[in-house]
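When the chains are written out, they are named A, B, C, D, E and F in that same order, and each has its own residue count from 1.
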Amino acid sequence: MPLLPKILWSLVGVLGALAYGLAIGGIIRKVMARIQGRIGPPVWQPYLDLGKNLSLRTATHHGVMSFIAPIFRAGGGIGLYLLIPVVVGVPALENFSFSGDLLMAMYFMFFGSLGMALGAAEAGHPHSPIGISRGLSQMTAYELPFALAVVALVAQTGSFSIHEIVAAQQGGWLHWNLIQNPLAAVAAFLAFLGMNMYAPFNIVGAPQEIPVGPPTEFNSQFLSLLMVGRATFAVAKMVLYMDLFLGGATSLPEAFVKTFLIYFWSVFVGAVFPRFRTEQAIRFFLGWPTVAGVAGVLLVMLNR
Amino acid sequence: MQFDSIEEILDFAIGKEMEAHDMYMDIAGKVKRPGLEKTFLELAQMELGHKARLEQVKAGDLSGFAAGEVQNLKISDHLVDVKPHPNMDYQEALLFAMKAEQRAHDLYVDLARATSDPGLRELFKGLAKEELKHKLFFETEYDDVILEGN
Amino acid sequence: MTTTETLRRRVQLWFGPQHPGITGNMSVQAWLEGDTLTQGITHVGYLHRAFEKLMERRKFIQSFPIVCRICVPEPDTNEYLLAAALEELSGLDREVPEKALWIRTLVLEMSRLAAMLQVLGGHVGSMGLGVVPNWTYTLRDYVLDRFEELTGARVYHMYTVFGGVRRDLPEGFAERMETEVLAKIEAKLPVIDNAIFDSSVFRKRAIGVGVVPEEWADEMGISGPVVRAMGIPRDTRKDFPYLKYPELDFEVVTTTGSDIYARAWIRRQEIAQSVDLIRQILRRMPTEGPYCAKLPNMLTWTIPPGQTYVRAEASRGEMGYYVVTDGSDKMRRVHVRGPSYVHGVSLLERLIPGTNIADLSPLMVSLQTCPPEIER
Amino acid sequence: MKTIIDDIRARFSVEWEHEQRADLAQIGVAPGTVVPLLTWMKLHTPFVQLNHLSVVDWLEDGEFQLTYLLTDPHGHRSLMVCTRIPREEATMESVHELWPQAVTYEQEINEMFGIHFPGSPRQGVPFILEGWDDLPPMRRDFDTVAYMHAHHPSRPGREHVDPRVYVGKVFGERGYLHDDD
Amino acid sequence: MEKRKLPVLPVAAPPEGSRPHAPLGEGCFLGEEELPKAPALKEALATIKNWFRAQSLWVMAYGTGCGAIELRPLTTARFDMERFGMAMRPTPRQSNVLIVSGYLATKSLKRVIRAYEQMPSPKWIVGLGSCTINGGMYWDSYNTINRLDLYLPVDVYIAGCMPRPEALIEGFKYLMERVKKGEANGWHHYLENLDWYKANQKKLITDWNLPDYNW
Amino acid sequence: MSLKNTLAPFSAWMQAFSKPFTVPDEPGVRPGAPRYRGWHINDRETCIGCGTCAEICQNVAIDMVPVDEPTKGDSGLRPKVDYGRCCWCALCVDVCPSGSLAMSNEYVWVDHDGDAFRYTPGVDEKPWDGAELGWRKDEGFDIVDHERVPMGHLDPEERIHTWAEVVVGYTEEEARREAARCVECGLCVAACPAHMHIPDYIAAIRDGDDVRALNVIYDNNSMPEMCGKVCTRRCESVCSIGVNGDPLAIRWLKRYVTERFDDLKSVLDVDVERVGEGRKIAVIGGGPSGITVAYYLAIRGFEVTIHEALPQLGGATFFGIPKYRFPMPSLEKQIKLLEDAGVKIVTNHRVEGDELRRMLEENDAVFIGTGLMKPYRLGAEGEDLPGVVYALDLLRDKNIGREVEVGERVVVVGGGNVAIDAARVSRRLGAEVTIAYRRRIVDMPADDEEIEDAEAEGVEIIPQAIPLRVERTDDGRLDFVWGPAEMVPSDRGRPRPKLIEGVEHHMVVDRVIVAIGQSADHSWMPPDIAEKVADAKGWITVDHNGMTGHRGIFAGGDLVNDTADAISAIADGLRAVEGIQRFLGILPEREETEPEIPVITVR
């Protein structure tokens, strides 16, 4: 596919990911509301929120870094998304996948949070750095089982290319890495709980302790940028997980179903648990998930 | 007494009213009690009003001539008649007027009973009712003023 | 370590007054070392309305709409206590009819139930679980529905007044109470148990956190679920019996541990206890008779000089009213001694050092700090 | 209750006593007796709990009454210890060393009544009020309505006609023993 | 009760020519001074923006007074305000609506002013209960203000003590309607008459130690 | 972290599959409870504007605003509620004496204008007017005391054998308790002819300050002790707490205060300028109006002489009211005060002939308060028989101390207080008494309490009995013949009795006491003056100063007003006190201006 149409298609894809990310946010809010016994907001509420935030006036000024932070955040999300093939076999939705893109993806997963950390720290509110420190500590913790799981997969497939990992899983659900390497999958999906920041691992932005944490000081357009980042980042993560463990997708509907299920997994847990303290969360990730991750790697090693 | 026509009867009635008027005028000149003279003059004036009404009837305007039932409180019925005298007070004046109207009423009732012409009888009854109305006026006044505490 | 060093390592952090984790409109000024609080000072006064001052210039009957505002979630204890104190000082207490006593007991128990439900939800709500607070607030709302039916208002009932209560029980109240409230609460409680007490996360967060040493109980005057969570069966309803509580069949709930979990557990048990007590009360409620004594003209009522202290068990602990009269138609002085005064200031400040920052909000909920009661 | 009061009488001079209820007695003592009495009570009697500390302003007498409510948490009874101190330059010994929570009470009383407790840690530190520059507000000579009028304007446009005065005026009520001013 | 005196009126009157709620199209209607000149476009854009704003009201989670107790049922399952697109936000930076839930002690007022000024425009204040209108039952307290609108611009009042959650919902619907029409311009009035508001605030808060406007 | 503890919380997901708790967002889904306390509603007609709601409102949320013309028993004010203050405690509803104020169960009111939250319920139209549900007054709960402190009475059996006072009077404790029932609305002030400061002295009694109370009472009533015993108490008939209960015992409270002091002069604090030094006033008739004029003018320095035909001052209160209602010492105390004030009293002196003319020349003004002394006649046959007496004569003779004889059986014709007095006096003289009254008992002008007392004493009352004639029986007694009456409606005033023809009842009695009313007698005046002063019914018309058609002649009392009670006479006296001073140029002439509405407080 020529470059120019590819770029255009990627942009369309980003917008689609944003739309999907927002929509899934709305659905989840609705589902959460139902388990709480409420009716809940309309499904399109996140769009309204985004539009509302765009219509507000910016009133704060915390220095240049704090302006850049949302851009980092959004950039992290979009960048991650752009690296991962969404639907294998449809060039328009394969984005900029290349050999070794998994490494880039791992990097981009850090990228947004780090940028956020820089900006939020500059915002001056004490709750922001507290939230950031919690977020980074927790991230470090869940990255370990996730990285181990990725290592296991890479070792299993022998490639750092997501495209190839997906290709290796084709031919029926029994070929999925979820089945092929269940231990790595367990490690990765437990890490996903922390990654998606639903309870019990949402201490980063716990409103009861540190009002929403890092984004405390962000408002209006910056906040909408953060929303964009969060939505696309979530979609990118789900697509990544889909590609890594659920055999990718060969059509858009399949992608929707799989990604939704992945997202729903964290909601399913998050809806019924309170949150851990930071050190408890760290202890959790360094416990069973890490063991599973190590075991997963070992399994691959032994299988060789 | 015999009457042959309505005009005759009305003339008779008008004559009666004039008699009453003259009598009240007469008494008004005699009473000593302050204000009572004025009362009697008013009574006399009232009789003139009655006379005017009757003249209207005579001219053919029967509207409002003692229509419907007139209440009879029967206050004067068992009270003792009084003779007009210079030291009359208000109670006596009312009594006197009441009795006078009652007499007129009784007269018309008798006449109505005595006559055989239904038209005339109706007229007499009407006149009696008219007098009853006058009596009611005084009886009400008596009931309100003299019998207020009773 | 020198002071300067200490200061450099410590971050000052304000919790509140605008803070979703704070209980009500108050604030805690805290100093952090890492994730741990080293010192905390409670700041109150954001809700100070000067009730005690206002009551000094209001006639007795005019004071009574005001007292229920002292504690927002549980106004009836205040109403009852003011009425009880003034009845005792005026001698009206001998004329309060039987039925009024029963209704008062009912109202107090209902308000305890409502407050307990609210706090039980708050226990996990402060830890980020949205499900249970939604349910318990709904259940509390069912209680409020009955309050509205009984008293004519949802939140501020202004119902208990000198000599009795202001209105009779409505027709069919007991049945509606049973089907609309008690049955629904009992149906939901097991699921709530699952979501709270069986939840591994809650257990991790709550067990062994915020432990109040037992020896503080006597000297600080700790009361309510906090003291019962230490295993001490201290309950004003038993210790200083009032209204119809001596005639009701219930045991003081205690447990051990004295931590957040224990206090939540006490509250959970007391919800069940309240449900049971309300059933007992409604069963024994007299159907006939007046619900209020004959009152003198409240615009000119005077009470002979005297002073007294009356107490009752609120959901938070022992609530007390110290009332001084001087023979005029107004109170000379009324002092409201709420349990939060001890729990929310002295006890909280003693507990804060060493507490994780994330545990501050659950800790305050478990102490059931009610700022309007502290500053009045 | 009687026995404990007798015990107290044997050791301290009690000005008056009154049994309000079976579980509540009141005694009055001189200000100097309070701290020794409370110390003795806490150490040697079951009355170990300071339930509350409160102040009554007897403006007419020029005195503050301090009321310490002690409770026997196991015997379920309370004793109210009252003392009166002069209003001018009011000072009272602190009991915060006996009961740590008394600090809060003394801080509040210091703020609300202007009574000074030397040695109590948070004297003069604002507790409830902020930026207060008037009389201590709980004193009876502080007029909250006047303060309200001066500081918190109400919504204008209200007019009240007192029926008592109104009908008197409309129907021409007058007095004859005194000349109108 | 004793005789009441005339209240002392605020130090400064509102500046001449200013109006409490400037209608749409007059003066600064949304605060977007730098919008395109074409009035039709300007108005269309304003309509769209207002529509979005009305659909997504974020309420600051600050229970300033006892009215907060009825906000909890409102946010939780029984009355669920989220179905109207409203949510509680824990920080003023991300809130559009400040609910002053009843009386305000002077100590609270200071914090409320600060929080309000930190909210991004356009922002709205909902006065809840009698206390915000004319002092409510604490009218004679030395520590609570009687009229909120002397210190902060109020867009909607909801009468009651407490107003029931349904009344609150009605109030918010009313606010949404006014936002949609561009009539809820209290924030703009505040900025235009900042001096007057500040004078009132400073008259009451004697130990004013804040910057004059907390961005 | 056991498996159970990890899995158990997931049971919460069950809720996602059941119906949400949320109340649907539709109007009317959750109406206020049947006794919800919502916005106020008021019945404008039932409301009497007493302002008790405003009084009890601790938030000062209620203003009384003028809505209608004030009348006696209705101040014309109506409560206006400021919802910027209201706290919905509904004390105003519970206290409302007339029961007009209530609350609807509507609870939504939203506005952007803070000034909008005020309205006058029942006057300003609101959507919730006429709401069926909401907080209403309940019978079992009252915060004002609707029950009067009972007044001790002598036992009826006992009292028909004695002339001692029937009413025992309040003790101090009882008086304070009764006074504490007052809500100080002031409606009574409007109803009282003399506009006494009723709430003020009741408040003083409640506070235990009897001296202040007495001073307040004497401020515009010179014979309060008499009023305290026999007043017709229009005040109590409009008493706001009497609307749904017993009105305050205003009369008994006044009686309590006035009885407490024997030496009035030393207690009364008189502070008036002696503007009348050197001016002379003659008062003809020593009744309440005359005494009032004399006292209040005398303390102002006027030289006042009272001329009284009877041996004792007091007028009707002396000769008309039996001593078991108003004992002599009480009257003497009042007269003593008059003497102390320097009033010259001439008793046993009937002014006649040209004396009035002479008085007019000698004095600066003359006040006539001669009252109604001439009884109306029965007008029926047999009235002149011996044994038919007039009640006034009977009472006067008894009070002056003459020997009075009524025989064993007496019929009293009439239904006023005089009739009841005559009946009860006859009862005490040992007779069996029957009262024959033309109308129904409810129509009786006599005081309800008097009627009850009379019945308790064994007086039989036959209502709707019209006397037809009196005949002499063979054994020298009287046969009183009466006929029953039916009540017929009237287009003017109350229903009127109408004789049912043909039925006659007979009653053999020793005395027929006629007490149907009395009229004035002006034969003592020179006719030319009388002509200017009086009208045919004997009534005297006066202007706003109390002055008659003749310059310098003032009048008051039963002659002037048709209410025939002492307090109205006192009110007339007070009017004359001012009128005389105006007439003499001491006070400025009254300006005829619209009275300004006294806005008492802006809050």
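The rule is short, and it goes like this: contacts are C-beta pairs under 8 Å (C-beta built on N, C-alpha and C of every residue); 3 or more make two chains touch, one makes a residue touch a chain.
No experiment lies behind these values; they were computed from the predicted model shown.
Participant: Chains still linked by touching once chain F is gone?
Facilitator: When chain F drops out of the picture, the chain contacts leave these groups behind: A, C, D, E | B.
Participant: Between chain B and chain F, how many steps is the shortest route if every step has to go to a touching chain?
Facilitator: Counted as steps through touching chains, the separation is 1.
Participant: By CA centroid distance, what chain is farthest from chain E?
Facilitator: Centroid comparison gives B as the farthest chain from chain E.
Participant: Looking at CA centres, what chain is most distant from chain F?
Facilitator: Centre of mass proxy via C-alpha means gives A as farthest from chain F.
Participant: Using the touch rule from the top, work out which pair, A-C or E-F, shares more C-beta pairs.
Facilitator: Top pair by contacting C-beta pairs is E-F.
Participant: Need the CA-centroid distance for the pair chain C / chain F, whole Å please.
Facilitator: 53
Participant: Can you compute the centre-to-centre distance for chain B and chain C, using the mean CA position of each chain? Integer Å is fine.
Facilitator: Centres of chain B and chain C (C-alpha means) sit 87 Å apart.
Participant: Using CA atom averages as chain centres, what separation in Å is found between chain A and chain E?
Facilitator: Result: the chain centres lie 38 Å from each other.
Participant: So how far apart, in whole Å, are chain A and chain B when each is placed at the average of its C-alpha atoms?
Facilitator: Distance between chain centres: 113 Å.
Participant: Would you please write down the residue numbers of chain C that are in contact with two or more other chains?
Facilitator: Only 19-20, 45, 48, 50, 53-54, 57, 65-66, 131, 134-135, 138, 156, 195, 199, 201, 204 qualify.
Participant: On chain E, where are the residues touching two or more other chains?
Facilitator: 1, 4, 6-7, 61, 76-78, 80, 83-84, 90, 107, 133-135, 137, 139-144, 147, 161, 164 - these are the residues of chain E that touch more than one other chain.
Participant: Which positions in chain D are in touch with at least two other chains?
Facilitator: Correct list: 128-130, 137, 142, 144-145, 154-156.
Participant: So with touch defined the way it is at the top, what topology do the chains form here? Options are line, ring, star, complete, other.
Facilitator: other
Participant: Just spell out which pairs of chains touch, all of them.
Facilitator: Once each pair is checked, the touching ones are A-C, A-E, A-F, B-F, C-D, C-E, C-F, D-E, D-F, E-F.
Participant: Of all residues in chain D, which touch chain E in the complex?
Facilitator: Spelled out, the residues of chain D in touch with chain E are 128-131, 133-134, 137, 142, 144-156.
Participant: Inside the complex, what are the residues of chain F that reach chain D?
Facilitator: Chain F reaches chain D through residues 49-51, 54, 63-66, 70, 72, 75, 77, 82, 84, 114-115, 118, 184-187, 189-190, 195, 197, 199, 215, 218-220, 268-273, 296, 299, 574, 577-578, 595-603.
Participant: What does chain F use to touch chain E in their complex?
Facilitator: Residues of chain F touching chain E: 20-23, 25, 30, 32, 58-61, 82-88, 107-114, 116-117, 600-603.
Participant: Given the complex with chain F, which residues does chain E contribute to the contact?
Facilitator: Where chain E meets chain F, its residues are 1, 3-4, 6-7, 21, 77-80, 83-84, 127, 130, 132-137, 139-140, 147, 149, 154-161, 163-164, 166-167, 169-171, 174, 178, 183-184.
Participant: Which residues of chain C touch chain E in their complex?
Facilitator: Counting only chain C, the residues touching chain E are 17-20, 24-25, 45-50, 53-54, 57, 65-66, 69, 72-73, 118, 133-135, 137-138, 140-141, 144, 154-156, 372.
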